[in-house]
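Read from first to last, the chains carry the letters A, B, C and D; within each, the first residue is number 1.
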Amino acid sequence: MEQSNNDHTALVDYVLHLADNNLILTQRNAAWCGHGPILEQDIAITNITLDLIGQARNFYQYAATLIGGDATEDSLAYLRNERSFKNCLLVEQPNGDWAQTVTKQFFYSVYQFLLYEQLQKSSDETLAAIAAKSLKEVTYHVTWSSDWVIRLGDGTTESQQRMQQAIDNLWNYTGELFEPAAYENSLHQQQIAPAIATLQPAWLQKVKEVFAEATLTIPENSFVQTGGKNGLHTEQLGYILTELQYLQRTYPGANW
Amino acid sequence: MEQSNNDHTALVDYVLHLADNNLILTQRNAAWCGHGPILEQDIAITNITLDLIGQARNFYQYAATLIGGDATEDSLAYLRNERSFKNCLLVEQPNGDWAQTVTKQFFYSVYQFLLYEQLQKSSDETLAAIAAKSLKEVTYHVTWSSDWVIRLGDGTTESQQRMQQAIDNLWNYTGELFEPAAYENSLHQQQIAPAIATLQPAWLQKVKEVFAEATLTIPENSFVQTGGKNGLHTEQLGYILTELQYLQRTYPGANW
Amino acid sequence: MMQLVDLEKAFQAKIDQEIKIEPKDWMPDAYRKTNIRQISQHAHSEVIGMLPEGNWISRAPSLKRKAILIAKVQDEAGHGLYLYSAAETLGMSREQMTEDLLSGKAKYSSIFNYPTLTWADMGAIGWLVDGAAILNQVMLCRTSYGPYARANVRICKEESFHQRQGFETLMVLSQGTPEQKAMCQDAINRWWWPALMMFGPTDSESTNSDTSIKWKIKRKTNDELRQQFVDMAVQQVKVLGMTLPDPDLKWNEERQHYDFGEINWTEFWNVVKGNGPCNKQRLDAKKKAHEEGAWVRAAAVAHAQKKAARTTQKVA
Amino acid sequence: MMQLVDLEKAFQAKIDQEIKIEPKDWMPDAYRKTNIRQISQHAHSEVIGMLPEGNWISRAPSLKRKAILIAKVQDEAGHGLYLYSAAETLGMSREQMTEDLLSGKAKYSSIFNYPTLTWADMGAIGWLVDGAAILNQVMLCRTSYGPYARANVRICKEESFHQRQGFETLMVLSQGTPEQKAMCQDAINRWWWPALMMFGPTDSESTNSDTSIKWKIKRKTNDELRQQFVDMAVQQVKVLGMTLPDPDLKWNEERQHYDFGEINWTEFWNVVKGNGPCNKQRLDAKKKAHEEGAWVRAAAVAHAQKKAARTTQKVA
């Protein structure tokens, strides 16, 4: 019974982790809406953002079902605090310039693609269904972001430098994607989720391929920053939540 | 009795207006803390900010006394919404670069100096006392900000251009300082506050003197943007309040 | 070769027979210019219109509302694209249009120079601003220039969806807490008059109306559209249980229309001239995006050239 | 002229007699260098230390707390200034120190490479981080180099005030709502071990300790200070009704001190080497401020020169 309780908690944590990743990246990407470098790309990144928030909602709704009681997708997104959010540090990093934004999206989308590929085979039918449904979207995200990494890497001298700077800024946050939190290990044992570390070689392979075409290099300092999956974030997240949650916090209990 | 009620409401609104001006500028200036161009000036602007928040607290405390009941300085600062804040549009404008920050401070401090000079003679003893006590502080703010306007205006070509740009960005928000809201008129009739419009010539005189020394010019477009005093703000204020109020909104009723 | 006067006659005959004018058809210079001005202005309005709503994406109060809002702002970007393409068929380049927008030479709808101050503004914009825009766009689905008419058909479908969503946003607020009700009424109060101004100056002041109607660029006058909007809004506001901020609103039995109060034309012209609350902010945001995006556009071009060169090499 | 060996003897004699070394006095090169390193590192710590606390100014939960926090961060800037001045008396320029900080050559206290994640961190930093710093600074009030000793006297007064404010901040949280209590405990959990690391490596690993003690730059070893801190904190945490996150904490009757668990030295060295959670963020913030301030500093110099030139002209 206790084991089963633990399993249940791990599942909830895992689903929230998946949801939070997408929501926080939504919050970041959406800041480009109306401010992109090219109108067509403003539309493209907003499209990706719509996919991300759609997936986030699926996960939050599932988490709410698992938790039961008063939990809703909105209570989970709007009423948890900075120490409860389980997103990876990568997605909360600042947008920076367009180079940093597309690099972040690229790192995340490749990871998400490999994860969803496995997750669609999950013994948890809901997760399998969400992953299967989202995989097509994520496939496009990988293509779009790879194209931009290549375009900017193999573009002008300035764009190449900006890309390399973006990679240097973000690289140390990529390792966390593949360092399993306790709930990820638990879910793997329950055969619900893949062993996340096993996805790293394929991820690295894809990154190397794209970087090669883009004439970009992987930084030497590969120290891995972790914590986000367990609620230990950078100072970025607090500010994201102040905006995200302001109305719900200000008017508790109101419907919108 | 109704007149007296109206008088009372006008007084509360006026005191909140004075408090809000200072609080919002505090919120803006404090963003420099740790990020100033010169450590000594980091200290200087933070000193000014401390004066501003000190004055704000005096006004909020007075407003809380006037309102009675559960009102406190914190309930007034943290639990009113964007349409209730009565600060001028000027103080909520972005910090921009150091030029824009010192220009904003200069416009505001000269205004505040002239206002407090009159307000110390107010028939309202509390306001008179706060004004008298604050005047020495504000005198220093005027000196400090004038010095910077002159230093940057009569500095390098770049600093001169940045100053002129800052003035162009802010000028249209200065007129509001001298356009009386209904509560300012009421307070003037009650002989509590000066007729704010009458302070404009002296303000303009001082600005012209400093600009002359700084080799800067007043913009031609003198269209006056108003609204702040009556709670009609720019889109800036909402974001300021999300940060300012986040903790109080998130943990209602908690003591800190 | 046909004489100019014959060309003009043939052109007007087509118009009169409700045949669409297409890009390769002969058209009077003034017709071309008017259409370019109007279509690019419409495009700019969509693009600038993204900003006041974009302002609330990060703070949208529920995930559903956030997703709806993001989708809506994205639709506006899409409308901008259709419309820029329509204007390009008349020989106006996208670069030139962007330059004219950023330099202040080209106009956009003044409504977007008002700030969005509370969440209720997202509802009020949907209901009133999109509502006003739709009346215009429905008319423009039948405008005489083919590409512009077809762009409007696409736009109208999405816009009426937006308008319903806006109304529903207000509906929820109007049935909510006292603060939400107040927020709802406040937003209506602030957006009502600017929405009425969206139809432009009164017919007696409007300069381009006569030819526009003769050429069927427009089919209704500013005042006709405005009256239609007022009549519609008066009914809808009742459903919300809110009021419109005009003491002079009254059913006129004789006209079979609602009378309404005098529009503040001084404010209208001030905003048109650049002195609205957000004119500077909106253009500054677009300039900043454009300037900060310059290296991205340059890189995209450079990469495309490199790629093309490599392909050529391979082929050779 | 005195022989080097005599100078060194005379220098050590002064030290032994507790006479302060002053800027113009002869001193061994290594003494000068060690002091420069230590004082500038202390100065940088004050200046970088502004960032984690500055992070909460805009979100401080009451006006009183906001004012206190602003004042505190400002005090740290002031401490930075005294200390830079003290280092300058040893022939190190302010510009060089700034450059060494920004290039990563000079170090600062690693504690500031941890993030401030909740409001309770403002309390925990005051109590634990300032508390640890004070023990060091109290000792340094008696350091042998005069200007540095006097700077520490000024600093100590303000720091103990900060520490009390920090403790009081936690006190209020510890008596607050369940969420506030949890926030308080969480902050203590996160700051405890990094605070212990502030005293540096254990004595057996510490490279500079011996000469530093002979020259009375330091008067206590890292481990002595750390033990003093632990003994103090164990008492104080009881007042808060909170716990310290160390299962090995236990009174040792024989030593008359608290035993405590093993410090994670791998983490310590990682953060020192630049891989802490915020090393990059902190330095980037300072670099940005420095770069964006370049034109301001240039303008100030240009204006001063113009002014001086005008004065000269008038005089002539």
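The criterion applied here is as follows: a residue touches a chain if its C-beta (ideal position, glycine included) is under 8 Å from a C-beta of that chain, and two chains touch if they have at least 3 such contacts.
Since the model is a prediction, treat every value here as computed from it, not as a measurement.
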Set of chains whose contacts include both chain D and chain A: B
Result of counting contacting C-beta pairs for A-C and B-C, higher pair: A-C
Chain centre separation (chain C, chain D; CA means) in Å: 58
Euclidean distance of C-alpha centroids - chain A vs chain C, Å: 35
Between chain A and chain B, centroid-to-centroid distance (C-alpha), Å: 42
Per-residue multi-chain contacts in chain A, two or more chains: 81, 242-243, 246
Residue numbers of chain C (touch at least two other chains): 59, 179
Topology of the chain contact graph, where touching chains are joined (line, ring, star, complete, other): other
Pairs of chains found to touch, sorted by chain label: A-B, A-C, A-D, B-C, B-D
Residues of chain A touching chain D in the complex: 81-83, 169, 172, 221, 223, 225, 227, 232-235, 238, 242
Complex interface listing, chain D residues touching chain B: 47, 50-51, 54, 57-67, 70-71, 73-74, 77-78, 80-81, 84, 119, 169, 172-173, 176-177, 179-180, 285, 288-289, 292-300, 302-303, 306
Residues of chain C defined as touching chain B within the complex: 52, 55, 59, 115-118, 179, 186, 190, 270, 275, 277-278, 280-281
Interfacial residue positions of chain B with respect to chain A in the complex: 81, 239, 242-243, 245-246, 249-250, 252
Residues of chain A defined as touching chain C within the complex: 23, 26-27, 30-31, 33-43, 46-47, 49-50, 53-54, 56-57, 60, 73-74, 77-78, 97-98, 150-152, 154-156, 158-159, 162, 243-244, 246-248, 251, 253-256
